[in-house]
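A, B, C and D are the chain letters, set down in written order, and residue numbers restart from 1 in every chain.
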Amino acid sequence: MNRESFAGVYPPIATPFDAAGELRLDWLRENVERWNLAGLTGLVVLGSNGEFPYLDEDERDAVVAAVLERSRPGLQIVVGTGRESTRATVRATKRAAELGAHAAIVVNPHYYTGQMTEPVLEAHYQAVADDSPIPVLLYNVPPNTGVNLSAGLVARLASHPNVAGVKDTSANIVQIADIVRLAPPDFVTLAGSASFLLASLAVGAKGGILAVANLAPDECVELVRLFTAGQIAEARRLQQRLLPINAAVTTRFGAAGLKVAMELRGYRGGYPRRPLLPLGDDARAEIERIMRAAELGPA
Amino acid sequence: MNRESFAGVYPPIATPFDAAGELRLDWLRENVERWNLAGLTGLVVLGSNGEFPYLDEDERDAVVAAVLERSRPGLQIVVGTGRESTRATVRATKRAAELGAHAAIVVNPHYYTGQMTEPVLEAHYQAVADDSPIPVLLYNVPPNTGVNLSAGLVARLASHPNVAGVKDTSANIVQIADIVRLAPPDFVTLAGSASFLLASLAVGAKGGILAVANLAPDECVELVRLFTAGQIAEARRLQQRLLPINAAVTTRFGAAGLKVAMELRGYRGGYPRRPLLPLGDDARAEIERIMRAAELGPA
Amino acid sequence: MNRESFAGVYPPIATPFDAAGELRLDWLRENVERWNLAGLTGLVVLGSNGEFPYLDEDERDAVVAAVLERSRPGLQIVVGTGRESTRATVRATKRAAELGAHAAIVVNPHYYTGQMTEPVLEAHYQAVADDSPIPVLLYNVPPNTGVNLSAGLVARLASHPNVAGVKDTSANIVQIADIVRLAPPDFVTLAGSASFLLASLAVGAKGGILAVANLAPDECVELVRLFTAGQIAEARRLQQRLLPINAAVTTRFGAAGLKVAMELRGYRGGYPRRPLLPLGDDARAEIERIMRAAELGPA
Amino acid sequence: MNRESFAGVYPPIATPFDAAGELRLDWLRENVERWNLAGLTGLVVLGSNGEFPYLDEDERDAVVAAVLERSRPGLQIVVGTGRESTRATVRATKRAAELGAHAAIVVNPHYYTGQMTEPVLEAHYQAVADDSPIPVLLYNVPPNTGVNLSAGLVARLASHPNVAGVKDTSANIVQIADIVRLAPPDFVTLAGSASFLLASLAVGAKGGILAVANLAPDECVELVRLFTAGQIAEARRLQQRLLPINAAVTTRFGAAGLKVAMELRGYRGGYPRRPLLPLGDDARAEIERIMRAAELGPA
């Protein structure tokens, strides 16, 4: 495994549904063809922003197949395969590999929040990494799971030859710095949200898996380029432009907001699936205003 | 629907696995035959204590069928059918009804924690209650979901003719009192843990769905009887006996602890499924000590 | 020390200020004369509801002196003396004793939240109890302090001959039940808010220190009487009446709300001291509406 | 007011006590003389790391006077003056100015956590800034206060001509980036802990008030210099060296740990004041080990 091939920027791609909640693979294919044109490292399929918990297993297969079929050669297709039980996670990971995925990104089990101790999580990930035919990325998303993967745990798992990196959505910049400090140099630490991308790069992250990259992939890639080129002040200005839209499409309005913002830039967002409800007019107007202020008009 | 037929005590039944993680329906049937002998109102199948997130759909069907087949007539068989999407929840609820379940208990969707606003949750539960062929119990379990069903929301849902009651595991006794105050008089508010059963009865709850009732069903039923008979001091003594073992089989040691305690009382606990790990010797000894102190020896 | 002399109902009395923020001892004295007429066990002076952090040391002395001078013989006058350092807490406790207070109620230090481990808190309270000339009540108020005094810690401190009881405002009914279970039988566990008074009595509390008792002392005393007489259904109805007004004068509107509600019942509430701001008209109207609904008109 | 004169690195200086808890101004003076030699912008006196809640008002005056007397000309002496009431905060701020302090750093009131709404906090700080004879720095320390000063609130207060900057200890790097984005360009945003100093500089902070600067002032100043010079990789290596010792002297071991680490580098730490307890031998050995690993031997 070449861990560093996973460095860079990815959108955790949205899954388009129509107003009746039906999966629209045609819209998804359109989006993939546009993402093919940006300087992305890859696409994350069936992540949180892809509403994976709302898809059946056969729908998940169809989504992965559609993305693999349309994405340009060279893009890393990383598929979300975390389930609650270890056996179901292993099974989903093997299935993703069978379909042709290049890596799996594995959210930790979390329903029994209080029982998800470090030994439990470590044994789970070791088992998954042992059995996975493809490289594994850890996925830490405490706002959704109520569980945190500590820097110490991530660093221990980073010594497994089949664990390539981590997406950390905690916004805990000290934890991200500690992961970089404790993990092997080629381990790929990825910011989990565009709002702390620049800060994460500063402490040693190698890219990000960013909801905003669904609608502004070029801007996210450019931010990384500016940082790498030592143009910190310019990177900071771009970071500031992305802050309000990032908040709108994640914590404030979630997948429903992300889809509205995608439509405003000419992508196919469609509707969220229930229980998520589509945004009302006020929220839509607010997102439009935020995007204009950020100079993120129709791309 | 006769809401009050759901008042009383239920165990949220454990699902036995062997050391390899395989489902043991034979062990489950043995347990059901013993629970048949206690004065329980019913059995809750595929609840949190039943490790429902770790079972496949076909295993879930097999568990429900086994319980329905062996449980004595008159027991309310209540099946957990909450899923992340509204459509999957409706589908699972209809399936439980087809199999013969008497009611469904529906945990709220929760992965997108921050998006689970009251309008989202209310529309979700309305849709499920509208489409369910059997009565629905709400299931509020913030320690696992990170979401709380407020008293106001529960009371609004309580006006739906197909919503019979709520299991509240929040341990928030003010919220439980508020639900009783705001919901219709025949609405069935059930304590979600034996540790606050007496307090819940005092403020107007009509029973409980209690992990401890897996191993001490008679004691739980007796506590309700003592309270109802006005024997508060005796009820309090029994409540105090149940406090340490309740903590051990829920927050402290979870499903693994529950299964050890069941074995100590002659039930078939078996092993938890991974990622949950079986308890070590120290924890087992601690549970044994707690049970002896509570005079909960082999039943 | 006769611990049980501290059982019963207390208001944590409000401290009246005028619109300019000046202390109004005359208004305080009027209130004390009305509280003298209710069946209260005592008055808690310089508690959280008394805005003690906003008073200078000389104002605190004046408040204590005014209450001691006007309160009827037999009322337990319990003074808040918790400070951040151990030495300042001891000094304030001795001062309260000098002024004539019958007991001290001691909130735990909390500024260094993360450092307030059980050994730190235990050593602190032991030192205070050792040096106090008067009985000490522990005061657990996690919503304000961010620190919880666990049942285990309270039970260990309860063995000190100079620790008479605890006010627990955590609303954690399992913790309250555990304190009763673990502490000596004569230890006085007091509910910290009227919203969980009935539940606390059910699990063995012996009364409460209740913001609502500032304006509805007779109703609070009556609730305890009904419970003790075994009239649980009547106690529950009274508990339900108190729930909304309790929320209004504590979590929702704080001291500003408490003072408005007191004025509506003919007590002298006055204004809160800044930074707290007086309520606007909408909040006042809401409190008036809640009190009418609870049949708590002018007393 | 020249806001930018407050940019740079400050230690929030420890207050030395002897084993009996007595204030040792002589030890404090020794420390000041060493801090005079580093490239610090100033010293923060009576901050959280200075155990200000454990000092009486006359001790506070003595500490401020000692620091002002011994510190070299040009150092900004910033004094903590936040109190719970607005009037006491104004009084303490005027007193600090009288003694000769160059600025005040004002922690928000927080005891009535739930009542500390944005309007309450905004009115409080406006009143303090209006009445203060010296520039005011806001101080956001949610781990201690349970209250957060949002970026929006800080930005509104930043328009006051007497508010020079903010120390943000939240570790919320998105919030720090938002403050920089929303506040005037000359507003001074300071990292509240060395663990996120580099990340804060990346998003636009202008320095930090850093516990670690008590014992490693040169290293902290050097980190800022490296960042400003565009030597990001070198800055990152220095940041990594500071991470473990920063954790040890803040969240893990608090003021007691800070004092041990100071002694190891030849400063006068002394003992914490009770209720804080001195560290045991294991914790001391752990700190020694961490410092050796970070190449922070005797300075």
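In this section, a residue touches a chain if its C-beta (ideal position, glycine included) is under 8 Å from a C-beta of that chain, and two chains touch if they have at least 3 such contacts.
For clarity, every value in this text was computed on a predicted model and none was experimentally measured.
The chains in contact with chain A and with chain B alike: there are none.
Over half of the residue numbers at the interface between copies chain C and chain D are found on both sides, making the touching surfaces mostly the same. Our note on geometry: chain B versus chain D, Cα centroid distance of 50 Å, whole angstroms. Distance from the chain B centre to the chain C centre is 36 Å, each centre being the mean of its Cα atoms.
If the chains shown are joined wherever they touch, the resulting network closes on itself as one ring, and no chain has more or fewer than two partners.
Every pair of chains in contact is given here: A-B, A-D, B-C, C-D. Across the complex, chain D is touched by residues 21, 48, 53-54, 56, 84-88, 109, 111-116, 119-121, 123-124, 127, 143-144, 146, 251, 254-256, 273-277 of chain C. Residue ranges on chain A touching chain D, taken from their complex, read 171-174, 177-178, 180-181, 195-196, 198-204, 230, 232, 236, 239-240, 243.
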